[in-house]
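Shared between the two complexes below is chain A, which pairs with chain B and chain C, respectively.
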Partner chain A sequence: MSASTEQAPLTPPIAVKPPSPSPNRYKRLTAGTVSANGLLIVLGAAFLVPLLWLVFASFDKTATASLRLPNLSLIHYKHELTGTNLKPFWNSFYIAAVSTIVTTVVALFAGYALSRRHIPFKRTFMLVVLFMSGLPVTILLVPTYQLFVRFNWLDSKFYTSLFIAATSLPFAIWLIKNFIDQVPIELEEAAQIDGAGNFTTMTRVVVPLALPGIIATSMITFIGAWGAFVIPLVLDSNPADTPGSIAIYQFLTANGQVNFGDLAAYSILFAIPVIAIYLLVSRKLSGAFTFAGGIKT
Partner chain B sequence: MDVSTSAVALPPRRRQDKVRFQVSSVGWLLPAIALLAVLFIVPVVYAIFLAFTNLQLLGPHAQSFQFTGTANLSRMFGDSVFWHSLFLTAIFVVASGIVAQTVFGFALALLMQRALPPLRLGIGAIVILAWVLPEISAAFIWYAAGQAGGAISLLTRSPNTNYLSTSAMLIVCIANAWRNTAFSMLVFSAGLRNVPEEVNEAAQLEGAGYWRRLFSVTIPIMRPTIFTNLLLITLATLSDFTLIFAMTQGGPGNDTAILPVYSYIEAFQFNELGYGTAIALALIVLGGLFSLLYVRHLRPELNK
Partner chain C sequence: MSAVRFEGVSKLFGPVIAVNELTLDIADGEFLVLVGPSGCGKTTSLRMLAGFERPTYGTVYIDGEPVNTKMPKDRDLAMVFQSYALYPHMTVLKNLSFGLKVRREKRDSIRSQVDDVAKMLDIDMLLERRPSELSGGQRQRVALGRALLRRPKAFLMDEPLSNLDAALRVQMRAEIKRLHERFGITTVYVTHDQIEAMTMGSRIALMNDGLLQQCAAPEEIYDRPANLFSASFIGSPTMSMAPGRLCSEDGVPAIEWLGTRTQVSGEHAAALKRLERESELTIGVRAEDLRWVDDAPASHAVRLSATVDVVEPLGSETLVVAHVADRPLTARFPPRSGVGSGDKVELALHPAHLHLFDARTEQNVLSVGSDQAHTSTPTDNEAALASERS
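For the complex of A and B:
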């Protein structure tokens, strides 16, 4: 092993041994690893500083746009957690919950059929779904606005959520179909031989086995709908329905001075559910990433 | 389907192992098809029609709009703001999307391979946190960073400069790269794990140094991953709206109005719904062209 490293004297030798699967194994200290770690620290700092500003500002009684150690105080959190400031969080939750439930249930049925049944033009259907998941939502805004005017659905939290569900459905169908594909079909065949109908097979066999994937899909949908911005901006201008994302936007563009501390605290509170969900699903998300890089197969 | 799993002897003529179309499948697909048809496909088709009309949000053409043929197109070709917007979109996609995210994402993925475990975990978490944060929170962070006295002005030692009014495009490009590099980092990390160790070892035995192995072994092997990732970055960057709109509303002037933002401004602020849709359609065409380009590059791998 060591002989081969010495054959390349002009370059920093790196360990030829395949990296150990154990994350606790420290690499040998060489010029290469030292500079790699140094560079990583510099890059990491560039990513850290903006986040650090947000956290410091939220605890800083007299927060400004500058990065500095906070004049510790919880006043901004107190402001945001009282009064009417929490209403937008509830609206965001409503929009995210409704669209997540609709998307997940509908995608589950479609994903099951697409995974297990013989469907004519299935490949074409999946390609159309893939195309739709990559389409910018901008193209849908005007026609959907017209549609909402026609059916009198404007300024309705429910129909806005339904539209968000439709926009997140294509990606959800892709994910759920791929997750169901990974469930062995033999168990379903066994259930059917025992006399289980289609629906029973689905609820008793497929859903429990594909549950981690289904949960991951619904949480990805939830994260997307929680932060939805332009759709509620166009379709629901009722002030009582304002979601958190638009509330932050309104604070940011309101006339007069931006209150950095309050807004920092509000942004952090708004981010907490999403971060919590991400931590819960991050392991399952690796499945979504094999999908992202999986076109090569 | 695998016939051998079935214990029943099959009649030789009629193949029972072939999955047939069942009418009930329609029922399973119906909710998805209905929802997508009403709130996705109909709007897309309607958008293609509206892009060639003079529909307005308010005013004379709000109710009685009509098909105007290529009027929107010729207006677009003569609209200097549109060309400026197209130019800004190209900068945004190429600089902030393709170049910055690929380079930083790849660099992070490579460095992580050689990093001390605590650094890898800690910095990985920070980069991913920037990505998980709601887009509006990221917009607020970079709005503040671009203000006079914000982080960027401190870095350049000119605390009185409001970078959002002097070089807004630069700030939104940095903000977008900061937010989305994590995605490329994750994709490339997964890709690097799939590069067979033996190939690198063989190259090393032949005397290839680190950089030579990176450019002649690792990157060629990762070509499909890189191109797939480029396609995903391009489509995501092309359609970005929230980050820029929340930070600058397309301003100052129209200096950060990339196509989605300009489309929104024309449609819902200048009430020109028809023209705004035409701009959105131009955006789709642009995305389609980019996708074709990447798919052509991916073709050799796909046909293997």
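For the complex of A and C:
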């Protein structure tokens, strides 16, 4: 016997509206909501106020360390976008691009092998890779510096980029391996029986299908390398190779006094590529590429 | 077009024997169906032929050439996967032409070949679509087309119809059979569905637990199952089984079963004479051989008294599960016979229609001592088919 028939006699003949959720529900002020929202406002301000200062100061001809309405001017941006100040942007781009390409290509092949091939102690190896991706780079710097001295690689943008690539590799391998795991193995088998060798199968089937993951991985690598600070600081002291991250640092210390307007404008310009990439990645990944139709699940 | 041969092929996955000493000849142009329950080793056998798995022991030959160490791409086979395995990032056109492209055929010739096959399979208006925009049946056709385009040495099909709905399955079954007849390409077809096996195969290789049970033409497996497994796997409804014992009546071999004695004659009698006295037997009878007395021909001399348990009217006939001495037997009744559950009925059968198995070895008594009953050679079979066609 169902509950409704049992309860039927108890229900009044006239339909009574069930208590609808009170419209005041979200307006009610209690000590809890007040303190929670207050805390959130304080936290939000802690993040937003410095950002606001950054934007204001970058447009302020006479910027100082304090937050105030700007004395509008584009002089700082003009300053940063001319002459020698552009060079660090190029250096950052060079370092980020080289390390992204190296990392992505190596991680692709490593991730493929780890995903598809039978390798002894694969699980252990993957855990080691995961552990290494969390390793702070500062631990490696002293021995790496000695290595670079030994091979005469110091003060070279290229070798510095290679080391950055090496440090970002573990995480990239881990990511790409997991993306390749998602590609159904039957598709590779179909390609093989169609007459494709390992390399063709990889380039024509696996890479296109894992592409969203590969792009995401390379963008994450790019962002990391773009902001790399400690590694170029230690391994490449050639002033001509200074990347943007170190250039910002130099604004703070040069001549003992800080040009806040230039610093702010530079910071904003330096952040733009990263923000743009974030937007691109989030759009690309939310456009969820699927394997629909390829295989029946 | 090529002949395929498995010679003593075994595949071990760790301690598990997936395929056990498989020896099987597939003739050039033959349609061989590998059938068996899940986990019987049929798919593993196919994958060894495709080159995705390497045999642990034994050798696979294509055209007399051992291929154990050959890469799949060098075997010149085509395969239709259960999941279709269409490339989701390519249009139908690119899916179809991929195999020809990686073999570096000329662009113009690829296009015309694709158009021909697409027209033949009725998918020529879908060429610009992606697999995700196709229905299950259309995907199946594209997968078939991709295999056909290659004109391979052999087609491998791994349960290609199991993801389709029933009506489409029947339609595609006929279509695949027609394509085989048209092109005559050696086909190895894996399925767990015994109806597909019966309707499509020129020969059926029945596997269980990694062992080849019987390999013969569909009618032969149906009429002369080599062992209990073959008997119960092939045929719908399943063959009814009852235990029995060999005994003699005035020198004539007879069986004691279901509380009665039945004299046997002909080849059964000769086969039973080779067995020990009082041997335990398992006796099988197909539903169409077990008739209602009112409906049975005069030759069905053996009578069994039964109590009807379940009545399943199928329209053209009625299947009746009836208990004889507490054993359920399935009998075929005429439509609208009017019997109901609990009724007492007389069943009739002809002793020559019985299938007798040694209960200990589970082998058909007819095949004991004569190995040739176990398999027919493909050449015999092909010759028979050829004479049938002419």
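The working rule: the second predicted complex is superposed on the first by the 237 of 297 C-alpha atoms of A that agree within 3 Å, B and C clash if a C-alpha of one lies under 4 Å from a C-alpha of the other, contacts with A are read in each partner's own complex, and residues count from 1 in each chain.
Following the convention adopted for this analysis, contacts are C-beta pairs under 8 Å (C-beta built on N, C-alpha and C of every residue); 3 or more make two chains touch, one makes a residue touch a chain.
Since the model is a prediction, treat every value here as computed from it, not as a measurement.
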Is A:59 in contact with chain B, with chain C, with both, or with neither (first, second, both, neither)? neither
Quick check on the superposed pair: does A:190 touch chain B, chain C, both, or neither? Answer first, second, both or neither. second
After superposition on the shared chain, which partner residues are touched by A:33: those of chain B (first), chain C (second), both, or neither? first
See if chain A has more residues touched by chain B or by chain C, and give me that chain. B
Contact-wise, after the overlay, does A:179 reach chain B, chain C, both or neither (first, second, both, neither)? neither
According to the stated criteria, A:205 is in contact with first (chain B), second (chain C), both, or neither; which is it? second
Share the list of chain A residues that count as touching for chain B in one structure and for chain C in the other. 186, 189, 290, 292-293, 295-296
Tell me, which parts of chain A touch chain C in their complex? 184, 186-187, 189-197, 200, 204-205, 208-209, 290-297
Which residues of chain A touch chain B once you look at their complex with the stated criterion? 4-5, 7-8, 10-12, 14, 16, 18-19, 23-27, 32-33, 36-37, 39-41, 43-44, 46-51, 53-54, 57, 64-67, 102, 105-107, 109-110, 112-114, 117-120, 132, 134-147, 162-163, 165-167, 169-170, 173, 186, 189, 198, 223, 226-227, 229-230, 234, 244-245, 248-249, 252-253, 258, 260, 263-264, 267-268, 270-271, 274-275, 278, 286, 289-290, 292-293, 295-296
Which of the residues in chain B come into contact with chain A in the complex? 5, 19-22, 24-25, 28-29, 31-33, 35-36, 38-40, 42-44, 46-47, 50, 55, 104, 107-108, 110-117, 119-123, 126-130, 132-137, 139-145, 147-151, 154, 159, 178, 181, 186-187, 190-191, 197, 201, 204-205, 207-211, 224-225, 228-229, 232, 235, 238-239, 241-242, 245-246, 249, 259-260, 263-264, 267-268, 273, 276-277, 280-281, 283-284, 287, 291, 298, 301-302
Which residues of chain C touch chain A once you look at their complex with the stated criterion? 50-52, 71-73, 75-79, 81-89, 98-99, 102-103, 130-134, 136, 139, 146, 150, 156, 163
